[in-house]
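Each chain gets a letter, A, B and C, in the order it is written, and its residues are counted from 1.
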Amino acid sequence: MTIRKLSEKLAVGVLFSSSTVTTLAVLFIIFFLFRSGIGLFNDSSVEPHYTLVVHKNNPIDHLTSQALMAIFDGHTTNWSEVGGKDLPIELVTIDEIASQYDEAALGESLEGVPACVEDYMAHNEQAIGFFDATFVPADFSGKHLVLPKISLADFFLGRSWYPTAVPAAQFGVLPLVMGTLWVTFLAILIALPIGLIAAIYLSEIADERMRKVLKPVIELLAGIPSVVYGFFGLVVLVPFIQRLFGLPVGETALAGSLILAIMALPTIITIAEDAIRSTPVSLKEASLALGATHWQSIRLVILPYARSGIMAAFILGIGRAIGETMAVLMVTGNAAVMPSTFLEPVRTIPATIAAELGEAPFGGTHFKALFTLGIILFVITFLINTAVELIKPKKP
Amino acid sequence: MADVKVEAKDFNLFYGDFQALKHINFKAEEHTITAFIGPSGCGKSTLLRSFNRMNDLIDGVRTTGTTLVNGISVYDKAVNVDELRKQVGMVFQKPNPFPKSIFENVAYGLRVNGVRDKHLIEERVVTSIQQAALWDEVKDKLKKSANALSGGQQQRLCIARALAIEPSVILMDEPASALDPISTAKIEELIYELKQRYTIIIVTHNMQQAARVSDYTAFFYLGELIEHDETKTIFTNPKSLQTQNYITGRFG
Amino acid sequence: MSKRNFRLSKRSSQWLAFSLFRLVSFSIVGVLFVILGFIIVRGASAISWEFLTGMPKNGMTEGGIFPAIVGTLCLVAGSIVFAFPIGVLSGIYMNEYLKENWFKKTIRSMTNNLAGVPSIVFGLFGMALFVHSLDFGDSILAGSLTLGLMVLPIIIRTTEEALKSVDDSLRLASYALGATKLQTIRKVVLPIAYPNILTGLILSVSRVSGETAPILFTVAAYFLPRLPNSIFDQVMALPYHLYVLTTSGTNIEASRPMAYGTALVLIIIVLLVNLLANAVRKYFTNKLS
């Protein structure tokens, strides 16, 4: 008897522990995303072990990532443009030093480089040097610039995403966020009406025979792997769009939206159909008994009654589209630029993670930035779930 | 003799293989109340729903013979169902107001039937609510949701909703079975009032209710119309033994 | 406008709307047929015995996809071994033991949240926890655990639904005969709910075999023409292989036939799994009636 009781207790313990796994998983996901991503905002955007130096008379103490990029790209050519003296900017790297000094001065195993750097920088007030920290002497006569830190504003409002740019990587997620929103928005714009119509057709109009055809079709659409959708999009849809609009490349936001629309359809149809079916038959009967046609009853009684469920379908459809990775990665062309038309390549948040994480050094700034993108995605899906739970009709 | 408003002629109805109504012959005259009584599953609701084709919603329903409303054959192919249903008001077992305002509930039937004139709609809504003896209770809150009303009020609202499209026949499917005794009394009173203008058929489980409100009573059993006569006669001097057993409470 | 005219338009507006609805609904069938048809027609010629059982050769433009098939099988097996017991136990606990209180609400809401997490986020998480923190490296173990977590909500939900559909009177009858709760669950409830639970398992298999994003950084190998020896090995996997062949192969044009073939194999898996799930469902409903 006691053994039986004990085993019963044990079993309940096992059952209980299992039921906590999903909760733990969510907490772990939050923990690990933040642990891996949050350090981003303490990091410098300049590559580790590198330093920026200027002449001791140069009044500039620090430069933003954007200002650095502008200098390196040759857009900024005078110190006055960044608040310094009226001197042309001269960019000095180790190649510059190597070409200015002979081998004797540089030394056989580069042991003379620090001295050369000191010499060159001391004589050129207009120079800005970008060197490996070991090439700058400890008693350097000039100034080390304070390296720019990545700020929340840089990250969330920055308009350029160049995670591997030299000397200062740019982690502005705005183009990625906009890319995601554009692709998702158009996809839902296409999928919602079609999905809603199919849901109405399935729940109200189709007879048993039609349902028997449509239901498995929708299940199959839901079952096709996203990479197969991506493949189909790439070999069929992309060339088609390219030819149709006479574009240089067919990988566009439009291609992503079309594929996403197909992928979001099963979610939208299933949930909307359930919502429409949940309308009490008595309401439909009341409407018909008053001389309304079936179509009037659907429009005026059934759809209004099911609207919170339809809203849920809409939101979950968005969730499905926002998080989708592979198909979008394969058909949107992945240019991290602010989208301006649906006929140009864009890059979404999930596609960025998938495309770049493999090349980002573990624990580095780029790596952290990608995890921060993961946090953004997680927060979005969390909000979507909360919204759905809030609008879900309370059962009487 | 007064006009026959509702009629069934050798009417049969099948759910798949199951015959739910067998050779029904029935007539109801203008400005009368007929009660359909009988045990559950006897076909009384099914027949009621055959006068406005609400059975169409169920898959696999087949009919032979005819039912007629205002002399028009209900199941005739040429009949426009919506038009038919406009002439036949229906009140259901449980109050089923739309999740809209009180005003919009009553206006619904007018709107779906193409009435656009605001004044006409307003006038009809007010009259209908008055006819349904609900006006004093709701006149200050016409814009409020119908779901905020009590069960009895909701049912009278549903009656008002049915009246608004000016039907000539009103079908009531156990209209008071979900209500408390006081609300039931109000509904019965209302039904009696409505007799002046409409032909009413009411399905009820409640024998006293049938005796109280109806002029005629039809007793159904296993899909057959066993007896149809003046209510007085049915309750005091039934011809059939089955009817007698039922109304004296031996089964059902 | 006469009344009669209006009635006509009321009817014809219904006819118009319903015709449009039918057209739109069946265009969805059309889309599916185009996708399936295209891949089946193009892929059929690539499928051969060598394709299914051979190693990829010559920069993945020739040979077969055997290691990817084996890899996907390993991942399916691994994730199911992990997720199925936990999911079913969790579903049992939620439906049979927990009352409707804050704890159950929390678990359910967390399960919903987990179900909504994008697959790429699972990939990030799997990489951070399994590959690095637990130091499993890129391995079948890390990939299976990541995929397992991803399908856990599916299994929990289907188990819960399956248990919910078991008539309560059967439980009461069992208690009345002196059976404990656990005995009742094991001997009465589970046998009835079993086929429906199985449907959840089958759907999970479909999901696992097609997912790419979660395995990108936890297990999938670009090119590894041998079979795994242990759960700490990397493997190739069908969906990732298709991605590689399509976008980053050494010679994308030459590997197109291989890509079509791989896509077809993936489609066949999905079709088979769906057929199986439907068969189980049918078996279940027949048994009940």
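Just so it is clear, a residue touches a chain if its C-beta (ideal position, glycine included) is under 8 Å from a C-beta of that chain, and two chains touch if they have at least 3 such contacts.
Nothing here was measured: the structure is a model prediction, and the numbers come from that model.
Distance from the centre of subunit C peaks at B, each centre being the average of the chain's Cα atoms. Nearest to the global CA centroid, when each chain is reduced to the mean of its CA atoms, is chain C. Between the Cα centres of subunit A and subunit B there is a gap of 60 Å.
In terms of their C-alpha centroids, the spacing between subunit B and subunit C amounts to 51 Å. With centres set at the average Cα position, the gap from subunit A to subunit C is 24 Å.
Residue positions 293, 296 of subunit A each touch two or more of the other chains. Of all residues in subunit C, those touching 2 or more other chains are 10-11, listed in ascending order. For subunit B, the set of residues touching two or more other chains reads 82-83, 112. Interface residues of subunit C facing subunit B in the complex, by the touch rule stated above, are 3, 6-7, 10-11. Those residues of subunit C lying in contact with subunit A across their complex are 10-11, 13-14, 17-18, 20-22, 24-29, 31-32, 35-36, 38-39, 85-87, 89-90, 92-94, 97-98, 106-107, 109-114, 116-125, 127-129, 132-133, 149, 152-153, 156, 180-182, 206, 209-213, 216-217, 239-240, 242-243, 246-247, 256, 259, 263, 266-267, 270-271, 273-274, 278.
Contact residues on subunit A toward subunit B in their complex (touch as defined above): 207-208, 280-293, 296, 300-301, 304-305. In the complex of the two chains, the subunit B residues touching subunit A come out as 52, 54, 57, 59, 82-83, 85-86, 88-90, 92, 94, 96-100, 108-109, 111-113, 158, 161-162, 165.
On the subunit A side of its complex with subunit C, the touching residues are 4, 7-8, 11-12, 14-16, 18-23, 25-26, 28-29, 32-33, 35-36, 194, 197-198, 200-202, 205-206, 210, 213-214, 216-221, 223-232, 234-236, 262, 265, 293-296, 316, 319, 322-326, 329-330, 350, 353-354, 357-358, 362, 370-371, 374, 377-378, 381-382, 384-385, 388-389.
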